[in-house]
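Here is the structure we will look at, set down as structure tokens.
A, B, C, D and E label the chains in the order they appear, each numbered from 1.
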Amino acid sequence: AAPVPAPLKATVSHWWTSGGESAAIRQFADAFNRAGGQWIDQAVAGADQSRASTINRIVGGNAPVAAQFNTSRQFRDIVDQGLLNNLDDVAARGNWDNILPRTIIDAIKVDGHYYAAPVDIHMPAWFFYSKAAFARAGIKAEPATFDEFMQHLDLLKRAGLIPLAFGGQVWQEKILFDAVFALVGGPALYLKIYRDRDVRAVHSPAFRDVLVKFRRLRAYTDPGAPGRNWNDATALVVSGRAGVQIMGDWAKGEFTTAGQVAGREFGCFPGFGPKAPYVVAGDAFVFPKTGKPHVVRAQKLLATVMTAPGPQAEFSARKGSIPIRPDVDMSKLDLCARKGIEIMADKSRQLPNTEMLLDPDLNGALQDVLTNYWNRDDTPERAQQAFAQAMKDNTW
Amino acid sequence: MANVSIRNLQIRLGASNVIDSLDLDVGAGEFVVLLGPSGCGKSTLLHSIAGLNDASAGSIRIGGRDMTYADPKDRGIALVFQSYALYPTMNVEANMSFGLRINGTPKAEIARRVARAAEMLQLGPLLGRKPGELSGGQRQRVAIGRAIVREADVFLFDEPLSNLDAQLRTELRRELKHLHARLGATMIYVTHDQVEAMTLADRMAVMKGGAIQQFDTPDAVYRAPENLFVATFLGSPGMNLFHGRLDCSDGVWFRNDHLALDVSRYPFRQAPAEGRRVVLGVRPEDVDVRADGACRAPVTLVEAMGAHRVLWHGFHGREVAAIVPDGRPGGAFTLRPDHISLFDEATTLRL
Amino acid sequence: MKRDCDLAVLPPAARVRPRKPLLTPARLGIYAFLLTAALFFLVPLYVMLVTSVKPMAEIRLGNIFALPLAPTFEPWRNAWQAACTGLECEGIRGGFWNSVKITVPSVLLSIAIGAVNGYALSFWRPRGANALFAVLMIGAFVPGQVLLYPLVRALAAAGLYSSLPGIVLVHLVFGMPMMTLLFRNYYAALPQELFMAARIDGGGFWRIFYSLMLPMSAPVMAVAAIMQVTNIWNDFLLGLVFAGSDNLPMTVQLNNIINTTTGERLYNVNMAATLLTSLVPLALYFFSGRWFVRGIASGAVKG
Amino acid sequence: MALTALGAYVLTFLWTARVSLSSARIFPTGDFVGLGQYERLFRNARWLLSLQNLAVYALLFIAACLVLGFLLAVFIDQQVAGEGALRTVFLYPYAMSFVATGLVWQWILNPELGIQGVARRLGFGGFTFDWIVRQETVLYTVVIATVWQASGLVMALLLSGLRGIDAELWKAARIDGIPKWRVYLSIVLPMLWPSLSTAFILLFVMVVKLFDAVVAMTQGGPGTASEVPAKFIMDYLFGRANVGLASAASIVLLLTVLAIVAPFCYARSRALQRSGG
Amino acid sequence: MANVSIRNLQIRLGASNVIDSLDLDVGAGEFVVLLGPSGCGKSTLLHSIAGLNDASAGSIRIGGRDMTYADPKDRGIALVFQSYALYPTMNVEANMSFGLRINGTPKAEIARRVARAAEMLQLGPLLGRKPGELSGGQRQRVAIGRAIVREADVFLFDEPLSNLDAQLRTELRRELKHLHARLGATMIYVTHDQVEAMTLADRMAVMKGGAIQQFDTPDAVYRAPENLFVATFLGSPGMNLFHGRLDCSDGVWFRNDHLALDVSRYPFRQAPAEGRRVVLGVRPEDVDVRADGACRAPVTLVEAMGAHRVLWHGFHGREVAAIVPDGRPGGAFTLRPDHISLFDEATTLRL
């Protein structure tokens, strides 16, 4: 009998630590272990902290075998330093070029090489609403335009509810803004500014309009919003005290743990109307450089397993995200996710989120501008000015 | 001006009764000196009068009012600490004036009192220094200064001059006496210096083991000590003691193997009993060193003290001290019978 | 003796009277202040405690001060042994011993080093001591995170990265400025004469330190222990970066439980986990009392 | 050991200075860009606001901690019953990670959930305590929560100093008829100078490193109203992956601190030398 | 046993030169007493010899070796601090034995020495106490004990007996003298007590303002003070001074408006100059109080000292002190010409 091969050990660093997330990542771990690997878990809550730990461990020569990043430009620097192994053969075998959404490929493929294995797609700007609240306010249908949305908010307000459940934290403000931007400004302007960094577009009336409409939403938040965590905002919707929350698909978890079911107690829609753009975000794993053959094998095995349809289905069902590939069993997904997959099929509606387009520091600088604009009585012109300035300052 | 009256006072420190059932009456305006061996409880007594130690029994009345449990500041007292206890972060001037500033004495008055104290204590040039920059004697003077600016009813001094040189000491002694006269304050003063005790005290209390042995005028205490302890404790050197018996066969004589002294004129408190075992006490200055002295004894040690000398005679296995004003050689002495003391050998009490 | 007569007129028994009425207005004021302050300090604890025994549904109602309607100790059990911290769902107990392993040597060594430094600086005053101290103080102000990379590099070069000695060393480096400052300033207030006396007695550097200075350092030791135990026990980032996966302290799990960004947040478990984690420092606080002895230099010198 | 640590500090300082002159992003490598990062830093409104916030915060926080800590130490020193329990109560916040307690403070200060809400529900309709959601006042809420956390430690520090004071001094002061509060103020406080200066530096370090509380309570908001330098540095170091700028910010912060602390340290070492003899 | 030789020593404390250019030679085995007013630099000098103050100039040699910058522990000295400086956390026994334990003295030897010191200092029952639980005098004794167990080559005592009562003091004085004889150690001893100085010193140094005024045997210093300062500083009370002129017309006479004294037999150092303004110094014990005294002066104050009395006479605007052994009333005196001193009025130096 052939000797039992030693399992391929792989330390995997990630930031999925909550109960639901743990259940999700366990799918990958189990699949990996079944495929002859040995998953060693390295969870560190908080994306920043997890990434900091990863980078320090790379510096210290004790890199994990795989590490989670957002599907974004976050790891571009590591790629540039030549500190990642590429996955070209895994990608080739998995036919990534053809099955992955364009936006994702743009983020993980550098100079023609694949440097990350994407594992999920998040849509950070779902509209979650309480059906009870909508009913109380007399709203019959989901809004089809931004103006209609505003009218709904007014109705909610009149009904004595908090129209917009909101947490006044910078990143939540950014999600809200990007949603408004994509929906009101349209994909073209969105890309012109975020992708092409077109300063003239920043000064355009269209962008000013985006800013004005964004700021108008503030009147529909409650005084307790600043500093509030996203889940507390979700709780407002869950309990029917607030009408809508614009938040990533992870918010579904809160409804679920409260025993609510999509389509029954709450509803979700990704934007206004059938052509509404769909902002794409996601998570991916990178594989720090190593020459050790068994580690490289472990890395390849990991990449293969995590992107395989089976684990993808199990993972997505628990994570609330949508799979990176279309050939996945959808039966276990919830209503919102299924809606998402449907939309994703239309490539024209996919819009990369800003992290995929911008370096983290520029992204952060823009957040600063927006949060100031949101929280102060600044004119949109001043915000445009600051926006442009930040783009100039954060480009080397 | 206030009298101090202590009744049945008991003070515990740690596990031991330092003072047990002590009585003391100090008249208003009186100057009382406490004397006693190291560790006998003098400081403890002063601190109790000041209200710094809690009495576990007994009472302390000051100026007629029961102060046993009153706050120190309400007792109208000032205290010079043996350990000085200066405020380390304040300069000399602030150390002295702090109490006054607190109780709202007018500025001018404070300045006056501090200036007077500083002059009296020769602290003028040091007013701006912190205690850490002072010598031992200077610190002690500051501690005195801090007390006297208070012009309290009762002053308590705990060895206030122990670190000073003879000259300054003589001066300050005189100043304190003046202060006493001027303020009419009651003063209770602990010292080890018999000269101080003798010159300052209206009455002095000799303490031992937390109890008062004798409380009388300095002269009375010196001349007629109440018991053997007082007799030997006071004087420098203390009384010479001779053990013997009373012989009443012919007048009253003190006798032992080597000595016989006619003590008929001694003011016995009770009639002298024949054969009673007694101790005869003779002050060194009453040992009359003369060539024709009855007792021949070789001089074993001469201590020159400047103004006088102490001759130690080896006399049948014990040392007999004699004070002589000049350079006479010694070798023989007689005892002057006028100022002797007689004690019961068993009780050690004066006869 | 005359005194005997006086004794005769004395009241027969000694009166024993309480020194002061138990509650003077001043005393009342003291207690009033302390209780008010305690209240201010306790409100958040109260909120944490009640939150930790409420089911999530109750928490979502948003009445943070309300007593739990259906108290449950599930969150505590959960926090200790069931909450997910990644793939593992074993609560925070997993890292407990790691935390102990890191904390004990780090605390002991950093206090020891701080004490020796402070002692050397305030009594021996070696040449360049002030410059040394100044650099150390500046070091205290450098944001620790900025030091991460170089430290990682240095430890990796020394082969200590991701090891217990490594993390202990890092804690020593980070703790040194404050510990040194603490002890230096404390010793500066002690009478210099004591040191002189010990020098004359022939005490060398170490002997004076441990025979004389250490016993007099009890109160400041208490503070140092409070600071270091808390800092090191609660440290998360350094442990995460330097301890290596075998030695991850409990706080990494604590952080994993409460600091999740996009997963569901179980506030009750978070609170329970936080309270559980802080039990060790809390115990120390409570038992540090005997170190706060009074008059540590009592009777040392006069003047 | 001391030298190792010194080496560590000096070297890392130099290293940081070097990095601040480069265009380093995630990794501390990158092209030399001169003072570019610094220029960029001082064009950054958030950074400038952070510095300004830090100044205001430092003043309030340090003053409040010292005063409260001193009062607590003094009152606890009055031989009160339950000293151990009280000390623990005042100290316990120090043991709790701000990740959770910050959240609790956020709740307590939240106008809907917290004190204001309770007061209004109790019928005080006009009661307003919404500092945490207002740009102008949010910083004060951070002060409140951090004072809550740190003043216990100040108390412990000062208590340790208090307990080192010779008992005779108290006696002397009692004789002088000095009211207790005056003794504390005029005699004890100056004698606590070493402990106070320790506390001051400790608090100042906390100020400069202030991060957790802001993140947990306000995330720097509303807007950027409660941003502080350490958070700025952390953001750029990790989240925003710009080590160069973060290093530049650290250096600026450090120099600012030095400018403030150096005179203080100098005065203190002079004072120490004088009294130490 | 080692000699101490100080050359040109300068000590700065704070901003001031406390000691400036001081020379002192103490022979091996000698017992030298330092006397001087409070704050004159005695403690500073002792501390410098011990190596606790840094010399800013000059040298200190102990036992022939240059110790100016040596470590205190290497100087072979023991020091009793004026402020005691006891280790607060150690009990009495540990305080005394600390130094011995450090230098590895065998246990038995330590026990022996400590027991001996404890007995000598009557500390037996206190061995287990901490300094905070001792009285002032007890602390001082512990401080002495700590020094003497070291049996060093050079002992430095800073007012070691100032807080003790006369009896204990006399005893300890004698014990220290014995110790000195037994160990043969060099001893430098600061005291304010002239009796101690006189009885203990082989030689004594009188200091003022950081400088040594006179360094000689006690007797010489007492009988023939080198200058006016020493004359008045020593003695209790100090010398009586009379200002006047020398008159050499008929023998040599001291004269002023009220006095004339034949000083022909005075051992002038230089030939007496006619008309020179001089100061005549007479010790109080050389003021002969007698009914037929030439100088009539009313008694203004009588100080009873136990063994003797001091009579203060108001004599033409100044007080003249006289020591008399008994109760004679005073009112007239003559000056005994044998032990007088004469000083130049301008330089204050002895003629």
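Observations on the model:
Operating definition for what follows: a contact is a pair of C-beta atoms (placed from the backbone, for glycine too) under 8 Å apart; a residue touches a chain by one contact, two chains touch by 3 or more.
Computed from a prediction, not measured in an experiment: that's the story for all the values here.
With steps allowed only between chains in touch, the distance from subunit B over to subunit D comes to 1. Common neighbours of subunit A and subunit B under the contact definition above: C, D. Common neighbours of subunit A and subunit C, by the contact definition above: D. Each of C-E and C-D has its own count of C-beta contacts, and the greater count is at C-D.
Distances between chain centres, each the mean of the C-alpha atoms, put A farthest from subunit E. Here C is the chain whose Cα centre lies closest to the centre of all protein Cα atoms.
Taking the mean of the C-alpha atoms as each chain's centre, subunit C and subunit D sit 17 Å apart.
Inter-chain spacing, taken between the CA centroids of subunit B and subunit C, is 53 Å.
With centres defined as mean CA coordinates, subunit E is found 58 Å away from subunit D. With centres set at the average Cα position, the gap from subunit A to subunit D is 35 Å. Of all residues in subunit C, those touching 2 or more other chains are 62, 149, 255, 258-259, 295-300, 302-303, listed in ascending order. Touching two or more other chains at once are residues 103, 112-113, 166-168, 191, 234, 237-238, 277 of subunit D. Shared interface positions of subunit B, i.e. residues touching 2 or more other chains, are given as 82-83, 86, 133-134, 136. Listed in rising order, the residues of subunit C touching subunit D in the complex are 27, 30-31, 33-34, 37-38, 40-45, 47-48, 51, 62-65, 113, 117, 122, 130, 132, 134-147, 149-151, 154, 172-173, 176, 178, 180-182, 185-186, 188-190, 192, 219-220, 222-223, 226-227, 230, 233-234, 236, 251, 254-255, 258-259, 267, 270-271, 273-275, 277-278, 281-282, 285-286, 288-289, 292-300. Touching subunit E in their complex are the following residues of subunit C: 191, 193-194, 196-204, 207, 211-212, 215-216, 295-303.
The touching residues of subunit C, counted against subunit A in their complex, run 56-57, 60-62, 83-89, 148-149, 152-153, 155-156, 161-162, 237, 240-241, 244-245, 252, 255-266. Subunit D contributes residues 1-2, 4-6, 8-13, 15-16, 28, 68, 71-72, 75-76, 78, 80, 83-97, 99-101, 103-105, 107-108, 112-114, 118, 148, 152-153, 156-157, 159-161, 163-168, 191, 194-195, 197-198, 201-202, 204-205, 208-209, 230, 233-234, 237-238, 243, 246-247, 250, 253-254, 257-258, 261, 265, 269, 272, 276-277 to its touches with subunit C in the complex. Across the interface of their complex, subunit C is touched by residues 47, 50-52, 71-73, 77-79, 81, 83-90, 98-99, 102-103, 130-134, 136, 139, 146, 150 of subunit E.
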